[in-house]
């Protein structure tokens, strides 16, 4: 790392996400001190103080790097995305939510009305006798109070503003975060627009033995005794590792749990879920349409959750047909 | 990407211009599609003037991509690729839009036709920008040929090639070549003795210096591709050493075990446990039928070994796998007889004197079990009346929808032989009399004169349930005489069922090994039913004879010769072009998940267990793209049909479908931010 | 949603050997059928990536037609069975995403079945017409509320900043 | 699709036959092979064999077909159907021709329509067939003389307890009749 | 094993011998045949001659009722089997007809989804119970008795109970298991005349003559039926057939279940002997020592 260079400015932001990304960032441990040595942290809602006003007042491009985690679900998040874009030289979609929508993106199976219905009306743990819903504007004697507007559709950061890099993972492994930080510090970032990470899939890191594949029946993990040495997909478990970018060290498959796809698609794949779906369907072991249908319907009751757990918002179709919600 | 695209719209006289406003399409493409720098229409684009225009523009306007909107690419893709090549542009940087077959000829309305033409042109123009220069490859053609099947078709093909000086491997699964034709007595319509015309060809093939005859052998595995197939053949153990055997036949004479011969004699005659199917068999080396050999079953006997003057018997012999290299393959695997028991109402298998056509061939064959005497199952009584039933298992959607093509003539032949050899009355029960080759109708006329009775009607049942004393002890053939419109019951002594010609039971499996497909029924699919009847969709694999469809001997011989001629053409040319439309795997990025491994029917994808990655053997790849669509990591690319190209084409054909807001797919992925924050 | 004047935009993916040639044959035989299907040629139905379908729908197609050789008659032996498997799983997914069953359909048509291909297109177009437009990209649009809210945030912050400074 | 094809064939009568018979569109595949006429146990007594009827249907000879005795000779043994090399549901077509003959009032020369009518009358009323009622009512109305010959058999049946004097009746005749009424209504509509 | 059972109109009175013997045999074989609630007539051939949709709806009422009770519906009469199986098949293959029939059924608050497999009693006994169990139950082998199995038409055509449509064998096998000599005569699946006796006696009696003659030619002691209509035609009209053709047939026509019962050691009376017009018991006594003893 180059010594004695002027300190840069770093912003970390958190939109529609769970906070895991921040925790994983802190998982780089004492190396966070190296980060602090090289950067002034101008904003990090989870770990440091920093005011929106101060950012607004900065010159365009004054922030060197912004690590932005979370998808865009509200007007406030969208505003912050636009603001940080303007003020940052390099904007990184940090983690699965910002890159491809992640679990919050599964909200795209519903619309705003049905989300509110569940959260503010139907939830069993709720006490809301008057059925009050959050209002974007509330008049109080002191003036108008604003709440962010909640959107029908969750968008990824890239669908909202132009992003320079994506760092995949839910959350990104601390080691991968450190790799990325080193790349930033050493100015060894890849081509703008690309994903910072490996260009192979989880299978590359998975120690299981793989053979030619034929699937006659899909199982849920609890339905079978898992052979610890053999490829999970070959055993009928819907493992997304074949279609998912490496980087995690194949953590899940190593403990007999199929990969759920949190690192997103490999380079050059346009639609993660479709690519996985196409691969898995190709090796279904039947030529009889009725049997194929039965294998699918019985084995994969929740296709969206199985193939698009992390990438629905970034998929070609992005959401469920609103007309059908 | 700043490509320079030229778009050319053909009028095709009024064929396209009649329902598509070609000037408008050309104008629109020039003004609206990004990177289109030249856009023209012309009366006949495929004419030499049209081609010259494109060539000139490529040079003058420095075009890097060309789109021609004309007829189907299946007609003129080659023409325009050549034009591009002539002008120095890689031919794979061209795309053809089908404005005739897919637009003008199927549209009524000029406005709709013009709109559809614009969309298709937009698709091509967007696609062509992503196309990549490709180079076809060339392979040397190995001069040897594999012929599978030693019937008359395979023999003919093998002899044609061998006589032209090319090496041939002739593989036959039974112990002798000859096929079904060796079982026949006479051949219609000339009534030549079948053996007399066939056996010279058999022995010629057996002795030919260019023919390696592998009988009692089966095709095990085929790999490689046109020009350089690698073939594994299983040579089944005969238990007789071919090089030592002189074919003297003493072993067969002395063998104490006699069994019913279900194959060559169709169950009517006997053979020994060590046997050749028939006396003129080629080669003359017998085989031991292990399942019926006393030594193999009980460990004692060895008579054959004791009597053999040259010690050629080897009970320890094992199957042998022979590997050969060939440039081309001819499949001439023939047919099998329909199982007449599947039509229980005709009583075959239950009523003794109901025969199949193959049984009857043996029955009237002078070399057959009765010495050519036509007698009933008791072995002595001559029938006083015989019914011949056509279309048993043919022209019947419950069994085979096809017409077996030869049964009408074979039935007439049988009729003639019965009338010649016995005093019996002969009845033919037919649906339609099909005698449509040279001298066939004349033969029908002859049988009319000879007094054969013809009843037009498909027989309903053959029964021994007599209704009156006249019918007692007879087989009663019940049918509607459709020319009278009346039901008839005709008592006879003997019934011959003209069973259908069916595809071999393992035709599909064998086809799969060679990379060719079958129709639903099981006939091999030819490249073009009229214009390319012996080639298949797989380069270097040809089909001939009845494995492609029911046909008579002259047609089989013609196809055998035709296939040989096609192969000779390949050998003479010496090289064969391989289209560059193949898949390739970026091995760097392949994680070895092995999804693709068993998706390729041509085994073109190989897994390297050391590197733990897969790769495509491009000479074996036929370019279907199935693995490309299946690769979960997106590391397999299909040349000329890659994702980028197809996505661009989708984008293009839907140019008018995107919503007004411009929230289009590809564009939206990297959305221009709407500047709100200031 | 059905609309008399609605002309659906449909993308048709057809294999080079059977269905594309069937379309050629329909043309040569001058069989008329609705102009709504825009045909894209692929070498085999096995090349048909489910993402092609979702891509087309996301770009505004109202329906997608897939066509290949009859099962058992594939030019590439049995690759159309892989298309069949993907199609079934894709349909399962599309149903979960609220895309009507009729919008995406797989047909088997041999090179000899020009008339049958034309019939399939006619039938398919009629069915999509009955369903009405899909307009998938509209699905992603937010209401005007969004722009108002964004403007409000900017204004609010400007006001606060004025007070502060 | 099938109706389009029938349009082209131009025989109205053919189309009616096809539309009224499940699987009836196979009739256009008839090869005129005669395996139906050959198979029929009553084939010898028919005015026309079934095969001939199909040719007449093709030729639009409605009157000849519907006035023929062919379908009334049919005993529903289904030999023609299972043997037909073209999978034509011949027995079912015979049923359709019977229905058309009754509807067009051309079913002359056979007692079968009357028997059928009597039979369905009992089913509609009781939900069950009634053998004695059927026999006596049918014979009284249609063949009073033939009834005399039936005497000894009837006595034999009675004496062995094989004939009941009263019809059995199902519990929910109303439900059955509602279904029948609805079915007839739908039938008239289409 | 439990089955839903559809007796059909003939069983109660005309075919009482079939009914009683079938129930007795079922008891020995531990088959539970639960009669479906309030079934109606299958329409025979007559209803289909008048109105296809109504006939189908009448039949489908039974299928709909059965669907609530079991996924297997057993019929003992060939014609009932035929109609039930045909309507079931039609509804599974023809969506339009299914919709129409269900529309009609809805008038009676019924619906048939298509979940019933229609079986014939003979097939259930031969395929589900099977050789081993049946042989176990034989206490009085039918040795020496020459029986002619008679299948008739509608159990094997157009929708076979699971046997060859031309030359069925299930009953042949069954009686081989029971020790009888089975006569292999060529007309075992030919027509008994069906409803023809009421329409044209000449035609009907000729059909019956062919069957009886063939059985006699093959030296059968008796013909065994699996359908009340077949039994009625061959049994009750036999004297009239003799009258018309000058023959002298005295061929007992019994139900196959009656003889299965005899083999299982049941008493002739308990399996309905005596209901037939051409007496069967004397033949049985003459041929089977165990019975006469």
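To keep things simple, chains are lettered A, B, C, D and E as they appear, and every chain counts its residues starting from 1.
Here is the rule we use: a contact is a pair of C-beta atoms (placed from the backbone, for glycine too) under 8 Å apart; a residue touches a chain by one contact, two chains touch by 3 or more.
Since this is a predicted model, take the numbers as computed values, not measurements.
Shared contact partners of chain B and chain C, listed by label, are A.
Shared contact partners of chain A and chain D are B.
With every chain reduced to the mean of its CA atoms, the largest distance from chain E is reached by A. With A-B and B-D as the two chain pairs, more C-beta contacts join A-B.
Chain D and chain E have Cα centroids lying 22 Å from one another. Centres computed as Cα averages put chain A at a distance of 68 Å from chain E.
Chain C and chain D have Cα centroids separated by 49 Å.
Averaging C-alpha coordinates per chain places the centre of chain C 55 Å away from that of chain E. For chain C, residues touching at least two other chains, in rising order: 49-51, 55, 58, 78, 82, 86, 140, 150, 154. Of all residues in chain B, those touching 2 or more other chains are 345, 461, 599, 626, 629-630, 643, 647, 665, 668, 676-677, listed in ascending order.
Contact with two or more other chains is made by residues 79, 270, 275, 278, 280, 282, 316 of chain A. Every pair of chains meeting the touch criterion is listed here: A-B, A-C, B-C, B-D, B-E, D-E. Remark: chain B residues 345, 391, 395-398, 431-432, 456-461, 478-482, 485-487 touch chain D in the complex. Those residues of chain B that touch chain E in the shared complex are 344-345, 350, 461, 463-467.
Put simply, chain A touches chain B in their complex at residues 79, 82-83, 85-86, 158-162, 193, 199-204, 210-214, 231, 233, 241-243, 246, 265-270, 275-276, 278-280, 282-283, 316. The touching residues of chain D, counted against chain B in their complex, run 29, 31-40, 43-44, 48-49, 51-52, 79, 83, 85-87. Every residue of chain B that touches chain C in the complex is listed here, in rising order: 72-74, 98, 100-103, 105-109, 112-113, 115-116, 119-120, 123, 511-512, 515-520, 525, 537, 581, 599, 601-602, 622-626, 628-630, 638, 641, 643, 646-647, 649-651, 653-654, 656-659, 661, 663-666, 668, 676-678.
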